[in-house]
Structures are given as structure tokens and as C-alpha cells.
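You will see two complexes here that share chain A, one where it goes with chain B and one where it goes with chain C.
Moving on, here comes the complex of A and B:
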């Protein structure tokens, strides 16, 4: 097992800069999730660790060893592919035994390790099948089995469960996390699904258009996003963003829009006045679960809006509200509001300490 | 992926293929082509069989005399017939092995090389030449008076006496060289098209597993170009087993019958000695071997993996 370090890594394809000056350290035994929408450079970063892409600039270190010029087979890193990439002509056993055979392990040792791994992954019954005889979930287990048998320096996962159905995905998230914690192998896991990152990773590294946006524990990223983009990317349903203007009032600051006036808490007001906003424009972020709803206007529910749609989800519901031109999602207990008709008036409440403020031009969070 | 998508034909109102209704509908459409093919190939085939049991009369109106199995019997005691099979076997096996081997190597070198398209065009040029022309060209190269290759081999001491085409030891291999020169590019092209279909993710997986280039070729690339190789082998074998052009142009079967391949012997029997009945018998044996080998290759090609059984799908 080993640590992994990116030192000023760039990846360029002809005109396109896929990864821009990536600096990132993955600690020994850590589960790091590279998260971002498609085309953000997360897969390129992963493939550079694997050795499947050349590093245009910068260094990647495995422990203290520079691995830029090592061939994939000499890096001792194992990877699970999005497409599973099983060998169609080999049986499940042979697929899993392949890396061990290439390492010239004894027949008994190969047999022992493959069967042991198959037992953990509950695929013992499938060992004599071929990939074409397996379901998607089974193939995915075999692909994971093929890396687990190896006991490598690090695991790389490239969207390994993206093609499974939702129910199986939820189960595999737990299994993968359990296996990683049991083995304690350094892991880099690429996904576009923030839920996978939130639920499995020790730390998340969020990328956008080749640039690393934020690195932190899921808790940090969720509660203290560095900018409006990260704030809206993490969390489901995503954080609501309201556009307003900062104005001075009563010795403090307020955020004002035609429909509402929000008093900005003192600490954030101080930060905002030193942040030098362009034209005093601010974006207010509030998570759907930090909002409350009422059918009548009262001091706790000062913002007036209209119902756009209601999505019931069993015990809770997501209420889609229009405030002026802004669309706001509210996550609330079932039956909080009496009139759920379209366009029915509804009133929104918020807790001031649950609000985020972003520079409307740069998108940077102001704390 | 959903397999159960509607076929385009269903949209147009034509029945789905391979149902009785479809066959009733499609059969009449194919009929003209089938009749034409029958006239072109089945009639001569039947006539060939007829000839092989007769002493064919040559003069106009002269009747053919039924001789039973005489032609067939003669074949078994004809030592040149068997010798020609031997020459043909050596020729076609060696050519095929060299062509497929070199062609595959060439395809691997060409694949994703910088000037792939240009190189392919250049390489294909020998193939576009008529075999007889190629034979004549090589006859100049092998010529014992002014041939470059003759001169070259003599210079380096590989050929001590005689000429390339004039000695029984070298003549056959000289013709093999011509065939290899002419047809290796075709094999390279076929294999190259197969290499384009090698799944990249499996290649990468094998590298991550720890395989080097040679190992990953045998593990991932070879299984997926197997089909292309089979096609190449089939094409080259069927071509080589009925080859005659190069032999006529270069040696005419000599020296001392050392290059008299079966098709050439058959040609001689039929059109030099006008033993049309005997020629027909020889032709039929050649045809039989070709069909058997073709069938063998096609069967290998069509080998499929067993389908997944339903009852085991449930786990996970």
C-alpha cells in the first residue's frame, strides 16, 4: 500500500486541456473520490495514475517514487473499468487468475486466492462461467474480484457501478466501502454521481473543466463548499440559489430582491463587506432541507411564492416553488401545506445560519 | 442493452426475417438469382461428373463412351497424380503459413502507424496486378542471364550452380515467394480490419493485469482477430489450391515435374493430352478437398460460445 501524489499535473489532447495543474495527495489507505460531471478531467487523471495516458506535464508519485515513465504493468496498481473489460474467452476463474498467472504465482496459491476472493464477493458459483453468461452485476463483481486478488499498491475505480440498476448500486456502495476499509488499500474512485462520493469516500476531490475545485471530507464539501458550483453539485436535490443585492440597513447588511429582504447574519455581513462584491450582487444559497413551508404568511415564513409542482417521495415531498424568476426546491414533511394546487400561494421560511452567500460574479463562497 | 428492438422491416410492413411467412415472401424474390446461379454453376458441375465416367469424344458429334470407374481407377495408380498432390500441398501450406504470418505481422506494424493509409495503398499494389503479369515480372527477376534476384543470390553465395527456376530444389520456393509477395498485403488488410475491432478496454485491462505487449496480443487481440484470420486462411487456401497462373508463367511445371501442382497436371491432361474424362475426375477430387477444407475452416469460424442458461441468472 502506498500514498499517491499529483504534483502540478497537466493533461493536454491536441487543443484540449483536460487536466489543468492538478495538485492532490492521496494518503496511504485513503478512499479518495474524484468527482465531477463528464468531461471534467477526472477519468484522465485516473488513467494517468494507471499509466494508460501520458502525463503532459508534472509528476505523479507513488509513495516517493516518480511513476510517470513506468509502464502500467510495472506500477503495481489495479483498476476496475466502467465497461468491466472482462476477457470474453476466459472463464470467471481464469479472468480473476490472470493477474496472478502473470506474476508467476504457484498454482495452489492462485487457486487459494481466487477462491477466497470469490467467496468474499459471493461469486463462487460462477467460477466456471464465461462473461457472456453473466448479468451486469455479476460481471461487475468479477471485475472487482480481478483487482482484489492482486493485493496491489492502489485500487483505481472508473465508474464501476454506473451501469447497475439503482437498487444494486446502493448495495454495492456499501460493499465496496466495506471491502476497502477491510483491506485498507489506497483507493481512487472516479464517479459523476455525488451520492457515491458522499457515501463512500474519506475525502472527495471535485473537478470541473480540468480544474480541481475543492478537496475535503464529504462533510466539509457539503457544509462549507468553496464556491457556488460545488455547492450546487453536491447534495440532492441541489442547493437553491437566489439572486439578490446587498444593501446597508440598520447598521448591518440585508440582501434584497423584489420579493423579499433577508437580514444577513453579522459574521457573514462582515465578510461580505470586505469581499468587495461587484455591483453589490450576491447569490444566496440554501439547501432544500433548510427551508420550511407554510400556507399562511407569518414572521417565520416571510417569502411569498407560488407552487410550481409537488413531488411526493413517501414520507417527504419535494415542493417546487417559484419566487419571482427563481425556482426553489423545498424538502418538507408530507402534509405541511394544506393547498398543493398548482399556483397556490405558499410562504417560505429559513434559518439565517443555514444560508450561504456567494459572490455573484466570481462564484466564490463568502464565510 | 435492449435486444428486443423493432427491426426496420417491421416498420415497412414486411415480415420479420426467418419466419415461415418471411420465407414465403422472400423466396420468390430470390428465385431469378437462384436460377441464374444454377445455370452458371450447377449445370457445368453435373456435366463434370458426367465426363468423369466417360471417355469424352472430341470431334463434333462424336459420342462419349461410358467407361465406368476407369478414370477413377487410373488416378490411384497414376504416380504423377499423387506427386502433384504432394507439390500442391507443400506449395499451398507453405504459402498460406507465410502469407498469414507475415500479413499479421505487417498488420500489427501498420495499425495506428503514422502513414497507415498511404502505406496500405502502396502495399496493395502487387495485389492489383494480374497473376500472369506478376509471374512474367518475376521471371525477369529470376532470369539466369540478367535477373536481379539471380544475380543477388549468386553474389552472396546462396546459389552455387544452375538458375533459380531451373533447379528442382529452388523452383517451387521461388514461386512461393511470388505468391507471398502478391498476396501478403491482402492478408494484412483483412487482419488490419480485425485489429480495428480489438476492444481497447480489454487491452488496457490486460496491461493493468501485468501483461506485456506480446502477452496482451495473444490474450486479447488474437481472440478478437480470430475471425479475420479464418477468412484470410480460407481465401488464401482456396486461391492457392487452384493456382495455375504463376506456374504456367514461370516454370510450366518443370524442372523434372518438381513444380507440377495438381491444377497444372489437370490442365495438361485436359488440354494438352485432351483426356477430358480423366481431367474431370482429377478436377472433382480437387473440388472435394477444397470443399472439405473450406467447411472445416467455416465450422471453426462459426464456433459459438454456449448461451447463458436462464436458471442461473437470478444470483445478484
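Moving on, here comes the complex of A and C:
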């Protein structure tokens, strides 16, 4: 096991800059999730660790050793591929034994390790099958098994559960996290699904268009996003963003839009007045679960809107409300509103301490 | 309840009800061999079509096989019997002459009695096999590079390689002759091997690139991350392109084996191959039809055998590479 460090790493493909000046440290034994939409450079970063892509600029360190020019086979890093990449001509046993055979382990040791790993992954009965005889979930387990037998310096996962169905994905999240915690192997996990990052990672590194946006624990990223983009990328349903203008009133600050006026809490008002907003334009972020709904207007529910759609989800429902030209999602207990007809009037309330303010031009959060 | 020594997990901790991991046995057994076509109810129209198709295919088979039949029987007939004409109007006699004769091996004996024919046969084998091997080895590495590599001008390079196949044989014969002459290669087997490789190599690259394209790159990457070098990874995925290799081997051998013009122009006596040697049986003193037929049989037989041995891979090879699954 080892720590991993990116020092000003760039990846360029001809004209495209896939990864721009990435600086990131993964601690020994840490589960780090590289998160971002497709094309954000997360896979390129992972493949540079594995040695499957050249590093255009900068260094990648494994512990304190620079591994830029090391061939993949000499890096002692194991990787699970998105397509599983099982060896089609080999049985499950041979797939898992392959990396061990190269390391010249004894036959008994190989046999012992493969069977033990197979038992952890519950694929013992599949050992004599070939990949073409396996379901997607089984292939994925074999692919994981092939890296687990090795006890490498680090695990790399490239969207390993993206192609499984939703139920199996939910279960595999738990299993992967459990396995990683028991083995304590440094892990870099690439995904576009924020839920996987939130639920499994010790820390998340969120990338967009090759630029690292924020690194932090899931809690930090969720509760203190650095900018609008991270705020709306993490969380489901996503954070609502409202456009407003900051104005002075009654000795404090308010955010004003045609449909509503929001009093800005004192602490954030102070931050906002020291921030240099362009034309006083601000974006207000509020998570669906920080909003409340009422059928009648009262002091707690000052913002008037109309129902656009209601999505019941068992015990809660997502209410899609139209306020002016904006659409706002509200996560609320089932039965909060009696009239779910389209265009029925509803009133929104918010918890002032749960509001986020972003510079409308730069997108940076103001705390 | 045992404790896993390596991970410290108890077995029962990770035991989760998983319906998916247990593929039921019947999911894996091959089902009864039902061909969708068997279940189509055939109407009268399709029956007529079937008769027409069968008749056409029957005629086609006869059309294809008759020359072979005549070649083989003639090679075993005494010269006078081969050209004997039945009396006019004697159709029964004509037919019986096709089937009834007393076989003789005199033409084969005559062919090999010259003492040179074995050498021509060997020349043919060496030229064909050597050019096929060279084409497969370099074709594999080049196709792999083109399929996997990222470099500037890749498409142009690929097109250039294929385009060399577009020139007709006669167009390159004269330039090659001049080149070989300068390198003192005329009338040698290496000249023929090189000439065949000129045509076989682009073809091999073209076919094999399709095969490599259809093999997921992640499989090689998995091998490399597992601890293999790139060469080892390439070697490991060779079984996945084996049908392509088989097709390339056969087609390369066929091209060289059937070639006449290069062998005639550059081979000379020292590197005479079977087609040229057969042509030589037509001399000023007469045409040795019996021996020509025997030479034809000797020429065709190895290729027939090769085709039969490798036919399974070839059909797969010719369809699979081109069609992306």
C-alpha cells in the first residue's frame, strides 16, 4: 500500500487538454473518488496512474517514487475496467490466477489465494466457467477478484459498476466499500455518479473539463461546495439555483427578484458585502430538502409559485414548482400539499441558514 | 463460521442473499437446437423457389466440378484414350468413355522422371509459405500498431498501405524486375518471396487490423496492468485474432501459389514454380496433355487440403473481422 500524489499533472491529446494542472494527494489507505461528468478528465487521470496514458506534464508519485516513466507492469497497481476486460479465452480461475502466475507464486499459494478471494466475492462456483458464461454482475465480481488476489500498492476502479442495474449497484457500493475498508488498500475510484462518490469515498475530488474543482469529504463537498457547479453536481435532486440581485435594506442585505425578497442572514451578508459582486448579481442555492411547502401563504412560506409536476417517491415526494420563469424542486413529506393539480398555487418556505450564495458571474461560493 | 485469515472478515459477514450470483443451471445449458428457419411454415411459392434454387446450385456444382473431374481422369488416362473419339452417334460410348478407362500412372511417372518437378514443387511451397509467414508476422505487428496506436497521419498511412494493393500486378512487374536486377536477386527464390510479400502484406495488415479493432483494448490493458509487457499482451490476445490469422495465411499462400506472372518474369529456371513448370510442358515438340493434367492435379491438391483443414477458421475470418459485433 502506498500514497499517491499528482504534482501539476497535465494530459494533452493533440489540441484537447483533458487534464489541466492536477494537484492531488491520495493518502495511504484512503478511498478517493474522482467524480465528474463524462469528458472531465477523470478517466485520463486514472489511466495515467496505471501507466496506460503518457503524462504530458507534471509528475505522479507512488509514495515518494516518481512513476511517470515506469511501464504499467512495474507499477504494482491493480485496475478494474469499465468493460471488466476479462480474458475471454481463460476460465474464471485462470483470469484471477493470471497476475499471480506472473509473480512466480507457488501453485498452492495461487490456488489458495484465488479460492479465498472467490469465497469473499461468492464466485466459488463459477471458477471453471468462461467469461461468456457469466452475467454482468458475475463478470464484475470476477474483475474485482482479479485485482483483490494481488494485494497491490493501489486499486484503481474505472466506473466498475456503471453497467449493472440499479439494485445490484446499490449492493455493490456497500460491498466495495466493505472490501476496501477491510483490506485498507489505497483506492482511486472513478465515477460520474455522485451517489457512488457520496456513499463510498473517504474524500471526493470533483473535476470539470480537466480542472479539479474541489477536494473534500463527501460531507464537506455537500455542505460547503466551492462553486455553483459543484453545488448542483452533488446531491439528488440537485440544488435549486435562483437569480437575484443584492440590495441594501434595513441596515442589512436582501436578495431581490421580481417574485420574492429574501433577507440575507447577517453572517453571509457580511461575506457578500466584502465580495466584489458584478452588478450585485447573486445566485442563491437551496437544496430541495431545505425548502418547505404550504398550500396557504403565511410568514414561513413567503414565495408564491404554481405546481408544475409532482413525483411521489414512496415516503417523500419531489414537487416541481414554477416560480416566475424558474423551476424549483422541493423535497417534501408525502401529503404536505392536498391539491396536486397542475398550476395549483403553492407557497415556498426556506431555512435561511440553509441558503448558499454564489457570485453570479464567477460562480464562486460566498461564505 | 470461519474467519478469513487475509481479510479478517468472517465469512458470514459478506454472505448476502444474491439471486443474481446464482445463475440457475438451466441458464447455462444450451437449449434444444431450434432453428428459427425450421419453424417457418413454407407455402407453395417458396417450394417452387426451393426447387429452382436447388436446380441452380446443382448446375453450379456440376459447372465447378466437371473441369476437376476431367483433369483428374485425364491425368490417369493413357494419352490415346484421353483423345479417343467415339463413333459418331454413339452417345453411350461417349458417356462410357468419361467413366470407363484403365487407369495408368504413366503421366505422373513421366512428370517426376525428369527429376526437376520435385524441385519446382519445393520452390512453390517455399515461396508461398515464406511469403505467407513474413506477411503474417509483419502484418500482425503493423496491424496491431495501426489499430492501437495514436499517431499523426495514421489514416493516411493506412490508406497508403491499402492503396499499394490497388495497382495491377503487371504495373509493378517491370519496376520490381529492375529493382531485383540491381540487387542481383533475379532468378532467385528470395525475389519471388519479396514480390509476393509486396502484395500479401498490405492485405494481411488490412484484414488483421479489423480483427484487432474488434478486440477490446481494455483486455490488453488488463494484461499490462496485471504485469505483462506490451509484447506479452499482444501475444496473449493472438488467440482472439486467430481466425484472422488463418484467413490471412490461406489467402497469402493462395496468391503466391497461383501466381504465374512474377514467377515467369523473375523466377527463371532456378526459382521455377509449378504454374511456370506446367506451362513449360507445352513445347515445340508437342503438348503433353497427360502430364499437364497430372501437373494440374499436383498443383491443386495441396491447396484443396489446406482449404479443407482451415475452412472453419476461414469463413469465420472473412466475415468476423469486417463486421463489428
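Note that the second predicted complex is superposed on the first by the 367 of 367 C-alpha atoms of A that agree within 3 Å, B and C clash if a C-alpha of one lies under 4 Å from a C-alpha of the other, contacts with A are read in each partner's own complex, and residues count from 1 in each chain.
Heads up, the rule we're going with is that a residue touches a chain if its C-beta (ideal position, glycine included) is under 8 Å from a C-beta of that chain, and two chains touch if they have at least 3 such contacts.
All values derive from a computational prediction rather than experimental measurement.
Participant: When the two structures are superposed on chain A, do chain B and chain C clash or fit side by side?
Facilitator: Here the two partners, once superposed via chain A, clash with each other.
Participant: Let me test your reading of the model: by the given contact rule, A:103 touches which partner, first (chain B), second (chain C), both or neither?
Facilitator: After superposing on A, A:103 lies in contact with both chain B and chain C.
Participant: Answer with first, second, both or neither: which of chain B and chain C does A:132 touch in the superposed model?
Facilitator: First partner only.
Participant: Which holds for A:122: it touches chain B only (first), chain C only (second), both, or neither?
Facilitator: both
Participant: Under the stated touch criterion, which partner chain does A:301 make contact with: chain B (first), chain C (second), both, or neither?
Facilitator: In the superposition, A:301 contacts neither chain B nor chain C.
Participant: If we overlay the two complexes on their shared chain A, which of chain B and chain C does A:11 touch? Say first, second, both or neither.
Facilitator: neither
Participant: Regarding the shared-chain residue A:77, is it in contact with chain B (first), chain C (second), both, or neither?
Facilitator: In the superposition, A:77 touches chain B and chain C alike.
Participant: Of chain B and chain C, which one contacts the greater number of residues in chain A?
Facilitator: In the superposed model, C touches more residues of chain A.
Participant: With both structures aligned on chain A, tell me which stretch of chain B collides with chain C: 6-14, 96-104 or 150-158.
Facilitator: Among 6-14, 96-104 or 150-158, only one stretch of chain B overlaps chain C, namely 96-104.
Participant: Considering only the contact definition stated at the top, list the common interface residues of chain A for chain B and chain C.
Facilitator: Touching chain B and chain C on chain A: residues 50-52, 71-73, 77-79, 81, 83, 85-89, 98-99, 102-103, 122-123, 125, 129, 133-135, 137-138, 141, 146, 168.
Participant: Along chain B, where are the residues that touch chain A in the complex?
Facilitator: 199, 201-202, 204-212, 215, 219-220, 223, 305-309, 312-313, 315-316
Participant: Report the residues of chain A in contact with chain C in the complex, numbered from low to high.
Facilitator: Touching chain C: residues 13, 50-52, 71-73, 75, 77-79, 81-83, 85-89, 98-99, 102-103, 113, 116, 119-120, 122-123, 125, 129, 133-135, 137-138, 141, 146, 168, 171, 175, 178-179, 182-183 of chain A.
Participant: Considering only the defined contacts, which chain A positions touch chain B in the complex?
Facilitator: These residues of chain A touch chain B: 50-52, 71-73, 77-79, 81, 83, 85-89, 98-99, 102-103, 122-123, 125-126, 129-130, 132-135, 137-138, 141, 146, 168.
Participant: Which chain C residues qualify as touching chain A in the complex?
Facilitator: Residues in contact with chain A: 4-9, 11, 13-16, 18, 20-23, 28, 150, 216, 218-219, 221-230, 236, 239-240.
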